[in-house]
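To keep things simple, chains are lettered A, B, C and D as they appear, and every chain counts its residues starting from 1.
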C-alpha cells in the first residue's frame, strides 16, 4: 500500500518539486556552495607572496584570530553597528510608516518620494554623506556648528567617538525608507475590525498601537529585522567609501577587515577565515532569531 | 572664415563624425584646421569649454608623424591585439585614455583598454593579477611603493631593448628619464620595474598675496614655515589657516604627510637593520613638529585626503600646502578655484637636520622633504602579448607622447628631461588652467629634495594600514603621547616585516 | 456518463484516518449528494474521486475502470469548487474554453460549445467580462459552464452554493437540478446543508467521521433515519429527542419518560434506555395529548410557527400552522401518531424500528 | 493637519541630502566648496552633465581631459548598468518564479530547511564570494562580461526573490491549480497560463527589488570587471582622482543614474508596498 501511495505522490500535493527547483539549486550551488567550500579550504591555507602560490598553514589562520586585536575590534564595531542600526531603523521606520499610512491626499506622493533613497547606490550615498559631513565644506557640519552641537574642532568622520555615528547616518537615511515600505505594507494588510472594536472600547491611540498594531505586526517586523539584519551584518560600502575604517579602527567592520586582508594584503587565507567567522555569526544570530520569533516562510 | 561660419562647419564635421561618415583621423585633422584641437571642440559650441589659452597653435598638439609611422610599422604582426591596463585616475593616464589613445590605435591596429580606478583599487586589481598569475592585464601601472612586490613580474625595459632590437623605438632613450626618478621610482635592487611614468611630488605651494600681506618671504626652513603658518592662523583664523594637510586616518595620504616631516627632521622609516625607526629621537621630534603644525591647519584635515586638502587651498580656506605638485595647474583654473594666479610654487623648506643617507636607512628608502608618489609603467610578465604591450609602452613614454600628455593633462610633472625643455611645454608657462609655470620647481625638487619610500613587499600593508591607521588614532587622541604612538607603530611594523 | 464505485476506500493523513473502509456505488446518471458535518471526510472523498488526493487504500472505479493512479486530467471528470476557482486573469469565455483549448479542440468547435453552454446558463452576454465583474450567482454559473463544456463523465460539486445568499442559493439549487435533468451526467455533490441534499439528491449519502451513516433517497432519510445521528441531521427544525425507556404494560409497549407515556406502534422489547425522536411537524396540539408543556417562545417562520415548549421531559419544538393562535405562556398538550415516533437504542443510537 | 505637517517635515528631512546632492550636480567647484555651504543660492550650470555624458547642444562631444585631470565620459557606463540590472532581474525572476512555484505547491520533506538554506545563501560576505568567483570567471571566460555580472547579481537576488514570490503564490488559492489540473492542464500550463498572470503584481514588486539591488551593487562589479563593462556605483569611484575628487561630476552621474531606477519604482509602487509583507502575515 505504501509503495502504491508513494507512486501516487506525484499526483497532486506531492508532484516532484525538483524540476522547479533545479535551476535555483544549480545556481546556488555553483555560486554559493562552491565559494563556501573554497573559503573553508582557503582558511587552512595562505598565499605565499614570494612563491606566488597558496600553501597549507594548518590552523594558523584560525588561531591567529584569537590574538588579533583588530579582529576583535571589528567584531565589536560590527555588533554595535548591527544592533544600533536595527533598533533605530525599526523604531524610526515604524514611526514614519504610521505617520504616512493615510489615505489623505498628498501622502501618496510623500511615500513615493521616500523610496527615492533606495535607488541611490550605497557607494554614491557614502560619497554624498562624505560631502555633507565634510569638516570644512559640509552642510551638516555647518548646521551642527550653528546650533552648537559641534564646536568646529571635531570633524564628524575623523573623531573616534562620532565617526561611526557619521557612517550610521548614511545607513539610516538610505534604509529607514525601506523599513517604512515594509511596515506600510504590513499596516495595509491589517484587518480593520480590531481597530473598530478598539475605537468603540475607547482605547487611546497609543493603547491601540501597543495592544493591537504591534502584536498584529509582529511577523512583519520579524521578517524586516531578518532581511535587514542579514545585510547590516555584512555592511561594507559605507565604510569603504567614507572612512576606510578610520579613524584608527573605529569604523572597521568584519566585512571591511576581510576585504582588506584579502585584497590589500593578499592574505587570502586570513581573509577567508574572517569571512567564515562572519558567516557563522550571522547564521547563529539569524537562526536564533527565527527560532524565537517563529518566522515561518 | 567668419567665426559663425566656422562654428557651423564644425558642427557639420562633428555630425559627420558621429554618424561615422568620416574617419576619426580626418575628423581630428579637420577640427585642427579649424583652429580647434580635438580637445578644444567644446569651445566651438557656445562658450569656451577648454580653457587653454591659444599660446600654442593647436596643430602643435598633434602627435608626431614619425612616431606614429614607427608604431604602424612595428605593429604589423600584432594588428587586432587588445591590450589592457589598470591605472589610477591621473592626468597622464587620462590624457592617453581620452585623447591620445586613438592615434595609437589607428596606427597600430591594436585596441587599448584602460581601466581607471582610485589608487587603492588599482593596487587591489594589480596584486590580484600578480597573485593569480592570470595575466588579466598586459601593462601594470606601478606606484613606487609596490615596486618590490611587482619587480619579478615585469620586464626590465633595458632587457627588452636588448632582446628585441627590431621592436625598439628610435630615440627612445632610458637615459632621458630623470635619473633621480629612475632610482626613486623604477629601480628595485638591480632591476628596473618599468620606466617612470608620472611624478606627483611634494612642493611648497603658498598664497603669494597673503604671504606678502604678512610681510613674509617664502619659507626656507621647516621651523620658519611653522612660524609663518601659525602667524597666519592666529591673524586670520578661522577664515584662513596658515597650512593644510591630507591626514585622513587609515589612508595612504596620511602616511605621505608623515614621511615628509619625518625625513625633514633627519629621521627615517627604517634604520639600516631594517627595523622601524620612526620612533627614534628624530622621529619623535618630527611628530612634535607635525603636531604643532597641525594646530595651524583647518580642523577638518584629519578627515581629508588630498582632495579636501586641495579644496581647502582652492576655495581660499588655507594659505599654503606642502603637497602634490599636480594640484598646481588646477589652482590656476579660474573656473574651478578662487586662487587662480595667487599661488606660487617653491621648493620645500630645507630640512631641520641633515638627511639620512640611503646607507643609514633600510630597503632603499631615500629621505627627502619632497615626498614623491611617482609611478612607473611596465609590461607584465604574465601578459599573453608582451611584445605589443612593449610597443605601446614605448609609445606612451616616448618624448613626443609625454609632451602631449603634459600639455593635455594639465601641466602634470613629466618624467623625461627633454620634455621640460620642449617649446610646447614652455609655451604654457603662464597663469591659467593647465599651467606649466611650476614645472621648474618640480624639476629642481626631483633633482634635490626628492624623498622615496622604501621598497619592500610588505610596504603596501605598512603604508596603507599599519602606519596611517595608528597615526589616525594618534590624531584622534587615542594615544597618550607621540612616543607611545610611534612605539606602537614600531612594534606593529616590525611584526609585519618579519612576517 | 459513467458510474462511480468505491470499494473499501481508505484515506490517511499521517496517523489520522479520514476515510475508513468506505464502499459505495453511484449509478450512471444519478445525482448523489454527500452530506455531512464539516470534517466528516466528504470533501476528501470528493477530492479522491477527482484525483486531487491520493488514495491510501481500497479502490476507485469510474465507468468500471480502476482509477486509483490515474492523473486527474485523465479521469474525464469535471469539478466545481466551493469558491469556484475561476481564473481571474481570463475572461468568462476563456474560463469556460480553457479545458477545451488545452486539449487542442478546434477554435470553431470551442466557440460553439462555449456559446451553447453560455446560452443554457444565461451567460451569453457576459462572455467578455472578467470574473471580478460578475455577481456571485454568475460566477457560480461560469464554474458550472466550465464543467459542462467538457462532456465529462462525472460532475463533482464541492459545496458550490455555500458562498451565495439564501435566495440565490434556492434559485441555484433549481438550476443545478434542471441542468442535471438536461444533461443527465452522473453527479456527486458535497454539502453540509441538509436542505440542499433533500431538495436536490436522487440519493443522499450521509457521512459521519469518515464512514457512511446512511444511504437512501431523501424520503428514506427523512422518514426512516437509521440512526439518531441521521435523524438529527435531516429536517429543520431538528427532530426533538426525549430520553426514556420502553416498558410493557397490558400487552402494549409504551415509551416512558418523566410525566409522559407514548404508545409505540410495534411490539417492542423492554428497554430501559432509549431515545425517542419526535419531528416538530409530526406533533399535533390536542387537548387530550399526553405531552404537556409551557410555550416559552413562539417563532414565526411565515406560514408556520415554531413553538418552543418546556416539558417535563425536556425542551421540544413544535411546528404548527400560524392559524393556531398559541402565545408564549400558554400551557398546551401535544400528541403524536405512534407511526411517526422514532426510537433509538442508547447509547449506540441505532433505530429500533425495523424497516 | 498637524499630521500632514509633520509628515511633510519628515519627508523633507529625508529629501534634503538628495536635494543637496542634486544641486551639487548643477554647481561648479567653487560653489560646491563654498563656506558657508551654498544651499539655495547658486547659479546653475549643466556643465557637469555635459562632461559626464558628452552632450552639448545636441552634439556628441569628444571625450576630454578635464583641467583637473579627469576623464569622465560615462554614457556607456549608464548603458552597462541598465543592461546588467535588467538582465539580472529577468534571470532572477525566471529562476525564482519557477522555484517559488515549486515551493508553494509541492510538498516535500525538508521544505522548510530548504527555504532556510536559500535564505542563508545571502549571508555570505560578498568579499568571500569575490575571490573564488574571480578564478572561475577567469577560467570560463565570464570575467569582464555582461553575462558574468548578470549571473552573479541574479544569484545575489535569488533568496529574496524566491521568498517574496513564494508568498505571492501562497496567496493564490490552490483550488485554482486543482481546477485546472482536472481541466486537463499540466503543471507547466497552470504555472504559465494561470498562476503567473495572477501573480503579476507580485512579480513586478519582486522585479523592482532585484533591479534596485543589482543597480546599486558594488563589490562584484568591482572585482569581476576590468574594461569590458562597469556599472554606475563602481565608476562613480573613478571620480576620485589623483588631483582631487570631481564632486560635481559624481553628483551629476548620481542624479542621472537615479532617474531610471526611480521611474521603475514609480511604475510598481502599489505592488511594492503590497509585496513587501513577504506573506509574513499568514500563519
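Criterion: a residue touches a chain if its C-beta (ideal position, glycine included) is under 8 Å from a C-beta of that chain, and two chains touch if they have at least 3 such contacts.
Since the structure is predicted, the reported quantities are computational estimates derived from the model, not experimental observations.
> Between A-B and B-D, name the chain pair that shares the greater number of C-beta pairs in contact.
B-D
> Pick the chain whose C-alpha centre of mass, unweighted, sits closest to the average of all protein C-alpha coordinates shown.
If one averages C-alpha positions chain by chain, the most central is D.
> Return the distance between the CA-based centres of subunit B and subunit C, expressed in whole Å.
It comes to 92 Å between the two C-alpha centres.
> Roughly how many whole angstrom separate the Cα centroids of subunit A and subunit B?
39
> Roughly how far is subunit B from subunit D, centre to centre by C-alpha average, rounded to an integer in Å?
Those two chain centres are 36 Å apart.
> List the centre-to-centre spacing of subunit C and subunit D in whole Å, with centres computed as mean CA coordinates.
57
> List, in ascending order, every residue of subunit D touching at least 2 other chains.
Where subunit D meets two or more other chains at a single residue, that happens at 33-35, 178, 181, 223, 237, 245.
> For subunit C, give me the residues that contact two or more of the other chains.
Correct list: 51-52, 72.
> Residues of subunit B touching 2+ other chains?
Where subunit B meets two or more other chains at a single residue, that happens at 128, 311, 315, 317.
> Under the touch definition given earlier, write down the residues of subunit B that touch subunit A in their complex.
120, 123-124, 127-128, 130-131, 133, 149, 238, 248-251, 298-304, 308, 311-312, 315, 317, 457, 460-461, 464-465, 468-470, 472-473, 475-478
> So in the complex, which bits of subunit C are touching subunit D?
For subunit C paired with subunit D, touching residues are 47, 50-52, 72-73, 75, 77-79, 81-83, 85-90, 98-99, 102-103, 146, 150.
> Please output the residues of subunit D touching subunit A within their complex, sorted ascending.
3-4, 6-8, 10-11, 14-15, 17-18, 20-21, 24, 32-37, 39, 94-96, 98-99, 101-103, 105-108, 111-112, 114-116, 118-133, 136, 151-152, 154-155, 158, 160, 162-163, 166-167, 178, 181, 187, 212, 215-219, 223, 232-234, 236-237, 245, 247, 250-251, 253-254, 257-258, 261-262, 265-266, 269, 272-281, 283
> In the complex formed with subunit B, which residues of subunit A make contact?
Subunit A reaches subunit B through residues 47, 49-50, 52, 133-137, 141, 152-160, 243-250, 260, 263-266, 268.
> Quick check: in the complex, which residue numbers of subunit A touch subunit D?
12-21, 23-24, 27-28, 31-32, 34-36, 38-39, 42, 96, 99-100, 102, 104, 106-107, 110-124, 127-129, 131-132, 136-139, 142, 173, 176-177, 181-182, 184-186, 188-189, 219-220, 222-223, 226-227, 230-231, 233-234, 236-237, 240-241, 254-255, 258-259, 262-263, 268, 271-272, 275-276, 278-279, 282-283, 286-287, 290, 295-297
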